[in-house]
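Two complexes follow with chain A in common, the first pairing it with chain B and the second with chain C.
Moving on to the complex of A and B:
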């Protein structure tokens, strides 16, 4: 456990030593702030005629999730592939660190980074709450954030796993991005090709990330199956990472 | 490898095993596809046979290779890679198995674990619907007709909650009406996003995915009631039987599949309105309805009855200059004046006599659920002027679109002589957008009238064009009071409104979100970079 924490902390500090992390955080918050203001403007227009609705945090977080699909590959691409390339992975593997500690630590470091950005984005919820009478539905808002955190964890775990498969971070980036686009959009398409066998269509629909967030977490309803789905993605990503690192010992 | 005699052949067996494995996989895919309604031109027996033979060849040739090259196999099995690889394969299989098992157990649970976190419990079914599902006497099945254009997220959520709450007595499926129009027709579904509920062979349609609407459909299934509508005859109206020039058999079939009884009414012969009439449809008379009949119809509509009046431009029916008592009464009593013109709508450039009804009233029950990309389309309609009247709620259902020039042309010569120019005449022609369908409801809640300046949209040629059938059936549903909702216990909604920020606060929020936060983060980045550079 101590090893995991040490690696996670080192990885977290690493992010803040590179300009990329600042640019990504500032870019994410700038775009989300813009979306927030557009919604707010529409709501103000509506309020002039009476009965404007408060800003829906679920809508902002929905966009946060879309933006994560494009930024997480950049955050995870070099996590393990860079250690591979520079050869420092050999050093790490001889150190008294277990493979899973290394992979989980790397993932946790990136997760903490995204958690920090999500933490700053909490300002949106505070402003929305301030601008609502009698405040926004706070439990629903927390549910939306919980879902967002699970999505971030799952995407980062998959990215970490893929990063461990490659020596080249650009390759890791594009493979991760491709996987995300499949899970986000493409995997749902075959669902409509099985009209006579709805069970198969359900499987494809189940695999699509959005179906576990958009109308569930983000609508304030928590299904056990959604939680299990995201935990499964995290497990798959970390398992891939551990296996890939482990296989270097005998490949 | 040291056995030179078998060397050439052993590689052949390995290649054979590889080819047979590929064939096996292809056959297996084909079998899957056939099971799902694809590749139906293949003979399933042949595919099965191929699968068995190729599977056998794979095993036998792999075994033959192992028999001929025992050393090679042993060597391979003995390597570190093989041992670790096998280990990895087993681990991966076990892991994937656990993941699939955990997900399928949780997903397929009949009563999924669910927590509604919203303050006003907006994701929980209303007690009325829960009770109705609890006390279902037989199995209820829902078929939701959603094309790829309609969003089915809400419907899936609702139907899933219903399934979880009904404990095995309710099930649902989704059908794409574009891919399977036969099923939609059989269920009496016109339009998109509707849900057909079926129990013991009786089907009722919920017009949209909404708890109240579905509860109403369930109640209608459980308490079948008389729903008789009459088509007026005797004035050259469209026929609901046979295959003559102008027939409305599609309209009749669709109403019947929605559990309506459809009859004809010859008012001249009977001289009274039948007691069971929920609505009377006057589908494009070619001669004016007589004053005596009109007084019966008006009296009926003023005392809780419902009329659906479809009248075409006088140039294409035989009205000529004859007095039209029906149009006069509609205008005098309810303020819906059928102008003596035909509508020119330049939204359809190839045929300006066609009205494209995208400009619908999306607050009215008739047009609320219509898909704007599938509007009613009417060939040669007359326009309707809405005059203010006391004690009547008037709605303009369909108008010509705002973005195109349109008007009510009073000069009928272009209809007879296609070469004559069409032009808007200030003063005589009504300027667009003009109303082509309107509805009224008497203020006492009794009596509803729908007036449509066209009857061709509902005949057999027009019924299945775009949203025509949907518009017609919705009109009948509304006229007979089918859209009435059941009073669900209102969920204790917490009204949340926006507190208007003052200009300064708004400016602060804008500056904070767009400049301050991202700027601060970038500033930190530059600082960190500078510090690192200084340190070297």
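Moving on to the complex of A and C:
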């Protein structure tokens, strides 16, 4: 277990050694900050004319979720593929580290990185809470963040798993991105092909990421099935990674 | 301690190791010699738990590399041939990372010791990406030594080192080899001769010979080799020398000298000298050489010349 932490820590520090991670963090926070200011302005104008609603953090986090779909592939693409390419995997696989510790450590490092960015974005919630009287709906806000964290964990796990399948980080990037676009949008399309058989449509709808966040977590409603969905994605991603690393030995 | 029994490794259809068996005791330094593609790296990768063999068994430091891989890896230090390192890391952070993976109680102290051992203390705070090739090699070695392993496996450790560092490296290896087991591969035969207790020559995945460097030399030297340089018609002289009983493998070198071998106990030199003086040649040089490990190596790993079958036209 200590090995997971050792690997995660190195990976986390490594993000801060690369300009890409800074660019992604800065870009995310800049875009979200812009959206925040626009809706804040809307709320303030409403307040001037009397009444109005406080800023909805769920709206920001909705955007955060869309942005994660496009940035996570860049954060995970080199996690394991680059160790393959440069040969450093040989160091890790001949150290007393189990394959699952390696993969979970890698994932955890990227997860901690995203958690840091989410942590910074929490400023928006604090500011919104400060400006509204008597404050924003805190239960809804917490649930929205919890869902966002689960989405990040799931996307990062899938990205980590795919990274272990490749020697080339660009290949890992595009495959990860393609998978995310499927889970975000395309998987929902077949649902409409089965109007007479709602059960089949439900299966496809269940697979779609947004259906587990947009009107549940992000609206302050928690369902166990949503939590299970994200935990399953994490398990699938990590399992893929461990299997891929293990199968490399057998080549 | 390393014990390898019938180790076989296939890469797809290609067999890289054919039923390899050898043993290395504690306190022994074993040199692995062999031409490119002989299977040295493959063997080492199996012994370090990087990949499993296709069949056969390997016991390292008392544990089976297949069944108790983690226990083996805890006790082995390994310098891979390509010296993979994280270029974007600071030297001491990298070593600390490796030390932590090995659960060393005092990582900082071990890092300082290892850096000192390979003479890289000065560059502790620099980035690995900025190091020269030889320096990278030394960091790779520091990483392999950091946990004072029972078994040290070094794949071509002296490549890229300057002569001073090569001497240092040999000192370190000898020091460690006193109580532990060292397996190193090299293409430098004099190196194997100098530091190894035993040499294993492999070729095409098979052990060709295994012995102490001294024995190898004694056992395989067919005789003495004489190099002769005269002023005069070398071709004519060559023809005369060829008549002398006991002369073998006579050949003329491009620089005009003649070279031949004779079997021990059949010293042909007095007779050859007589021919030279009687024939009126002026002798410039006559020296005797023992066959080096190099010659033995070339002899043993020589490609079998296969005469291609004649193609038949249909």
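One rule holds in what follows: the second predicted complex is superposed on the first by the 251 of 251 C-alpha atoms of A that agree within 3 Å, B and C clash if a C-alpha of one lies under 4 Å from a C-alpha of the other, contacts with A are read in each partner's own complex, and residues count from 1 in each chain.
We take it that a contact is a pair of C-beta atoms (placed from the backbone, for glycine too) under 8 Å apart; a residue touches a chain by one contact, two chains touch by 3 or more.
Just so it is clear, the model here is predicted, and its values are computed rather than measured.
Placing chain B and chain C on a common chain A by superposition gives a fit, with no clash between them. When both complexes are overlaid on chain A, the residue A:67 reaches neither chain B nor chain C.
Of the two partner chains, chain C is the only one that A:91 touches; chain B does not reach it. Once chain A of one complex is fitted onto chain A of the other, the partner contacts of A:118 are absent, as it touches neither chain B nor chain C. Shared-chain residue A:33: touches chain B; no touch with chain C. With both complexes placed on chain A, chain A has more residues touched by B than by the other of chain B and chain C.
In the superposed model, A:250 makes contact with both chain B and chain C. When the two structures are aligned on the shared chain, A:179 is found in touch with neither chain B nor chain C. Shared-chain residue A:171: touches no atom of chain B or chain C. Using the contact criterion defined above for the overlaid structures, shared-chain residue A:17 touches chain B and also reaches chain C.
After superposing the two complexes on chain A, the shortest C-alpha to C-alpha distance between chain B and chain C comes to 5 Å. Residues 17, 250-251 of chain A contact both chain B in one complex and chain C in the other.
Per the touch definition, chain C reaches chain A in the complex via residues 11, 45, 48-52, 70, 73-74, 76, 78, 80, 82, 84-89, 93, 97-98, 100-103, 143. Contact residues of chain B toward chain A in the complex are 35-38, 80-81, 84, 88, 91-92, 95, 99, 102-103, 106-107, 109, 112-120, 122-123, 148, 153-154, 156-157, 173-176, 179-180, 494, 496-501, 506, 509-510, 512-514, 517-519, 521-522, 524-525, 528-529, 532. The touching residues of chain A, when paired with chain C in their complex, are 2-3, 6-7, 10, 13-14, 17-18, 86-98, 249-251.
Contact residues of chain A toward chain B in the complex are 16-17, 19, 21-23, 25-27, 29-30, 33-34, 36-37, 40, 43-44, 46-47, 51-55, 120, 123-124, 127, 130-140, 142-143, 192-198, 200, 206, 214-215, 219-225, 228-229, 232, 235-236, 239, 243, 247, 250-251.
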